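Read through the structures below before going on.
The same chain A turns up in both complexes below, where it pairs with chain B and then with chain C.
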Partner chain A sequence: MSVKRKRNLSATIALLPTWFAAVVVFVGTMAWSIRLSFTNSTLFPSSTYVGLAQYSKLFASAKWLASLQNVLVFGVLYVAGCLVLGFLLAAALDRKIRFESAFRTIFLYPYAMSFVVTGLIWQWMLNPTLGIQASVRSLGWEGFVLDWVVNRDMAIYALVLAGVWQGAGLVMVIALAGIRGIEAEQWKAARIDGIPVWRIYVSIILPQLGPALAAAGMLLAMGVIKTYDIVVAMTNGGPGNATEVPAKFIMDNLFGRQNLGLATAGATVLVLGVIIAVAPFRYAMHMRNQAKGAA
Partner chain B sequence: MKTMMKLFLAGVAFAGSFVPAHAEDKPTIEIMSSWTSGGEAAALNVIKTEFEKRGGVWKDSSIAGFGAADAAFQNRIVAGDAPGAKQGVIGLAAADFVSQGLFNPIDDVAAAGKWTDALPKSIHDLISYDGKVYLAPTGAHGESWVFYSKEAFSKAGIAQEPKSWDEFFTDLDKLKAAGIIPIAWGGQPWQQTKVFNMILLSQVGTDGFLKIYADKDNSDASVEGVKKTLEILGKLRGYVDAGAAGRNWNDATAMLITDKAGVQFMGDWAKGEFTAAGQEPGKDYGCMFAPESKGMVYIADALWFPKTGNAATDKAQKLLAEVVMDPNVQLEFALKKGSVPMRSDVDKSKLDACAQKGLEMMSTGAIVPDQAIVLTPQQVGALDDFVDEYWSGGSNDAGSAAENFFAIFE
Partner chain C sequence: MNQPHPNGPKPARITAGRIGLYAFLVGAALFFLLPLYTMVVTSLKSMDEIRLGQIFALPATLDFSAWVTAWSGACMGTVCVGIRSGFWNSVAITIPSVALSVFIGAVNGYALSLWRPRGANALFGLLMTGGLIPYQIFLYPMVRAMANIGLYNSLAGIILVHVIFGLPLVTLLFRNYFVSVPEELCKAARVDGAGFWRIFFEIMLPIALPMVVVVSMLQFTGIWNDFLLGLVFAGRDNLPMTVQLNNIVNTTMGERTYNVNMAATILTAIVPLAIYFLSGRWFVRGIAAGAVKG
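And then the complex of A and B:
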């Protein structure tokens, strides 16, 4: 008993810096940002409270509303695209192909690049006067059009394309590790029963990959909220508001437009949004764990 | 061995105590600027060379992109680690810093150099806050210029500079027919706003322009002016190539330098790019004001001097302010950057044909300030959003857009 308490005490002491960081740095700065969002701060923090004025200004802004819509479209397509493509790649690599490790490296490589590099590369490739469109036209197909980054309706999908290209490799690695962890006996049994390969993947392998894919999806989803650098590198939010995202809106107002109050209001809405999105999920997990414990 | 070690350490300690003491004697300054393109860097170098000649130590921290440099500067200020000097525009952007007591006044330098006599009154007013001078002006830029490639014009059979917007559009059609991209369009919101402003000036004149931006006047005449401006802006869309979205201004200038495009709307800093490419005004390229305009939009750059609490830096700030306002530096700087000197007593004969036109506008007072001088940074951002949304949205409903314009000032 006393030994246990001692151990707990030393563990508590060891964790103190972490606690300090969590409370002061994380919660403290968050509280400070939220406080600022109720003031009329411009370039420097001010302590004149204006109530919800910044929030009503925020939701009257077409740019902010467009940014919320864009991050939703981007987020859903990006996460879904990465998961589907990543799983397909993993399944393909699992077919005991030659040069597997070489392919694995190639597919994972994009993930090692920063979003800025990815964004710039895709911007060049999709730029109608420099990239794919120009080179196909120079081969003689004059009517060829691939102008996604400069097209108002398609620019957001250009971002998705670049994002999936970068993120699918990560899902592939996680899914492949999951697939390799599945017992070979199941394969043998399924073969004996004469089940087609695609059916084995869909009905037997995929359900067992649930936790792995959920982890991968969570990692990607966290990236979505922070989406900033790829947008700046590829389209800078344009054309018009077509690819504006909340993180960029906040950064622009924080620095370029000297509008601390509005920027912190945007940041607060973003945090609230994440909490609202995650809370039911956490609650469901909690309930399931309790149910398990009871049984 | 032990004694050797001791000797070595003593030597290090001695050298260590000696070197910084020596460096502290010299006025040392860290300059933060966003002047990174060829012409800009060459102009900054003029100041640097003279500053070093007079015994200063110069530390460059250039950051590409005006917004990026501003963000970095704000971070440094908030962190209590301000650089010795920052390049920025004259106008409301500096006002907050001054009112928070974060900048050093340079009154004594201004008094010693008789800045009141050397500068136009409007500029002297803009660099002073509460009767004290805080900013050292480097140069003024005309920004309602239309540059054109002489070769592209002659290929398209255009003999004369267009005098009206109708003639201008006819010439754009000729350029298009000759297989040349008519307009080298810079696709960033701030560049598009400059085009909007030059058209607005051509439509409402200098008085109307000041009424809108300085007095926030939304009378029928002003609304009508904005509407006509948007109509002309909308028509320009048809003469822009597909790769225009997001294009940098210097990349657009390069399209003129290589004669791939006909005209570019831009401030006179574009001349720095032409000069860096070995081209001459009047020979390889031409400069004119936007058609029908009887004035010029200007913006002015200055150096800001944050308080650093370091005596050597304070000394360096004063030396730098002196250097920047030196008549020769002003002239050399203007030649390299393509700007117009701030001092009215410099040798004008050395300036190129375009800068002379600009200086004439300045001296006759036919100038209006850029929005950054009269609007807050939030309003400047809202104006950029407004113009970009109209341009990229492809809407031709100039009437209802014009009504929205005045919401910027709320």
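And then the complex of A and C:
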């Protein structure tokens, strides 16, 4: 016993900084923020509790409601877009393609770049007076319209376009690794049965890629909740509130508008959202691991 | 439709299906390359040429003056010193942050998986939860705490923040790596009298070298590309390149110099892109590990 104690002592000491970070930073600051969300703090933290007043103010705010709606539309289309395009690219690359590694390099490079860079590139491409729209019009197609970044109804799709451009390569890499891991026997059997290639991808390959694609989707979805940089760089929330997102709403109220109570209430709602979104997955994984252990 | 599995022979005939396949891939490649092409040609044009509205046209003459301006003369608000200082700030932030977070992550992973001291599972659970939660909930108290200890708006402060917020992912990746190392190796070394740190430095760290490379790659690109933490914690004198870039482009007064903006954008992207092109496989492994395990 005493030997074991001594052995573990160094390990315990080595983990102390991490304990500090986990308890003080992750738990402590979160508790602090949540507490602030129940006070009337504005520029400075206050200890006057106002119950759920900040929350009712939050959900009465048109900007916050717009930001929730925007992040939902953006999130669904961005994650779905990345998954679909990424899987299609992976399936196509799996077909004994010449220059496969060149294609792979091209499809993944945007993922190496920051959201700020991605946002600025697409802001430029979609600039209605000098970008793609102007170029196509000068070719003679005078009525051509591609004004997404300045159009209230389309700005959110401009973000989706840029996001999918940035993230589809990641899904491609994950899907391609998954496809290559599937046994050749299954292919032979399916080919003997005369199943067309596309059906094999849809009915045999795709289901087996489920866990890998789900993991990629999860990762992208976590990114969606944090979406901030790409919006700041590309549209700064505009036009109007068309591309306002919760993370940006919180940042603006924290540091720009000195509205601490409201900002922390928003952050608390985001955290609740993440927990609600992640909990079922964690539970399913936990149950699956237990089932594995029992078998 | 007589296409073999990748393990089979190459298809001999050109079919409509193959043509469609290549058309799809080439089309997709154009979609992915077009923005890069546009950035490069725009950065080489003069403003007169840009005003013609031919975004895809090649520049009439090669003009590198926008690059020079972007590097050393572009304006952020009223200050016109270029993105040069941001570049060096990013270097000064990223290198120590990566080195520290990888080292601490490796120690954590090793201690958590091979030593399992009391509370190891609780700590790991806490870290993973912390890694899932949006930064916004941590920010204000962190700012206050950092200000209290005198690290707010300092280089050391932003490095510390990156190390702390990097802990969940790097610890997870190293823990999963060390879990697959046979425990006998550790036990045998202990029998020979080696302690915690000696086993770590002489046996485990060398074994984990591939993981060190993968995690470094992941952390390097992640921290270089960070915007939010740099914006909040770095302070005016240490703003990373991403923040300065956004200031150059989006807070300009007067006419926007698109050629300078695009040159500055390329300069900001060039380090992660170079890492991607030079390290290829390692980078891919890094993001795949981060994606699948995270």
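FYI, the second predicted complex is superposed on the first by the 265 of 295 C-alpha atoms of A that agree within 3 Å, B and C clash if a C-alpha of one lies under 4 Å from a C-alpha of the other, contacts with A are read in each partner's own complex, and residues count from 1 in each chain.
Going forward, a residue touches a chain if its C-beta (ideal position, glycine included) is under 8 Å from a C-beta of that chain, and two chains touch if they have at least 3 such contacts.
Computed from a predicted structure; not experimentally measured.
Steric overlap between chain B and chain C is present once the structures are superposed on chain A.
Once the two complexes are overlaid on the shared chain, A:L72 sits clear of chain B and of chain C alike. After overlaying the two complexes on the shared chain, residue contacts for A:L272 are found with neither chain B nor chain C.
Residue contacts after overlaying the shared chain place A:T129 against chain B and chain C alike. Within the superposed three-chain model, A:L170 lies in touch with chain C and out of touch with chain B [touch as defined at top]. Of the two partner chains, neither chain B nor chain C is touched by A:M285. Considering which of chain B and chain C touches more of chain A, the answer is C. Using the contact criterion defined above for the overlaid structures, shared-chain residue A:A189 touches neither chain B nor chain C, since it reaches no partner. Residue contacts after overlaying the shared chain place A:N236 against chain B and chain C alike. In the superposed model, A:L43 makes contact with chain B only, not with chain C. Look at A:R152: by the touch rule set out above, it reaches chain B but stays clear of chain C. Note on the superposed arrangement: chain B collides with the chain C stretch 76-84, while the other options among 4-12, 40-48 or 76-84 stay free of clashes. Note: residues 123, 129-130, 236, 251, 254-255 of chain A belong to the chain B contact set and to the chain C contact set alike, using the contact criterion stated above.
Interface residues of chain A facing chain B in the complex, by the touch rule stated above, are 42-44, 62-63, 123, 127-130, 133, 147, 149-150, 152, 235-236, 238-242, 251-259, 262. Interface of chain B with chain A (complex): residues 67, 70-71, 74, 78, 93, 96-97, 100, 187-189, 241-246, 376-378, 380-381, 385, 388-389, 391-394.
Residues 1, 3-7, 10-11, 17, 21-22, 24-25, 28-29, 31-36, 38-39, 42, 50-57, 104, 107-108, 111-112, 115-120, 123, 126-127, 129-130, 132-142, 144-145, 164, 167, 171, 190, 195-197, 221, 224-228, 232, 242, 245-246, 249-250, 258, 261-262, 265, 268-269, 272-273, 275-277, 280, 283-284, 287-288, 290-292, 294 of chain C are the ones touching chain A in the complex. Only residues 7-8, 10-12, 14-15, 17-19, 21-23, 25-30, 32-34, 36, 45, 85, 88-89, 92-97, 103, 105-117, 120-125, 129-132, 134-135, 137-138, 165, 169-170, 173-174, 177, 180, 184, 187-188, 191, 196-197, 212, 215-216, 219, 222, 225-226, 228-229, 232-233, 236, 247, 250-251, 254-255, 260, 263-264, 266-268, 270-271, 274, 278 of chain A touch chain C when the two sit together in their complex.
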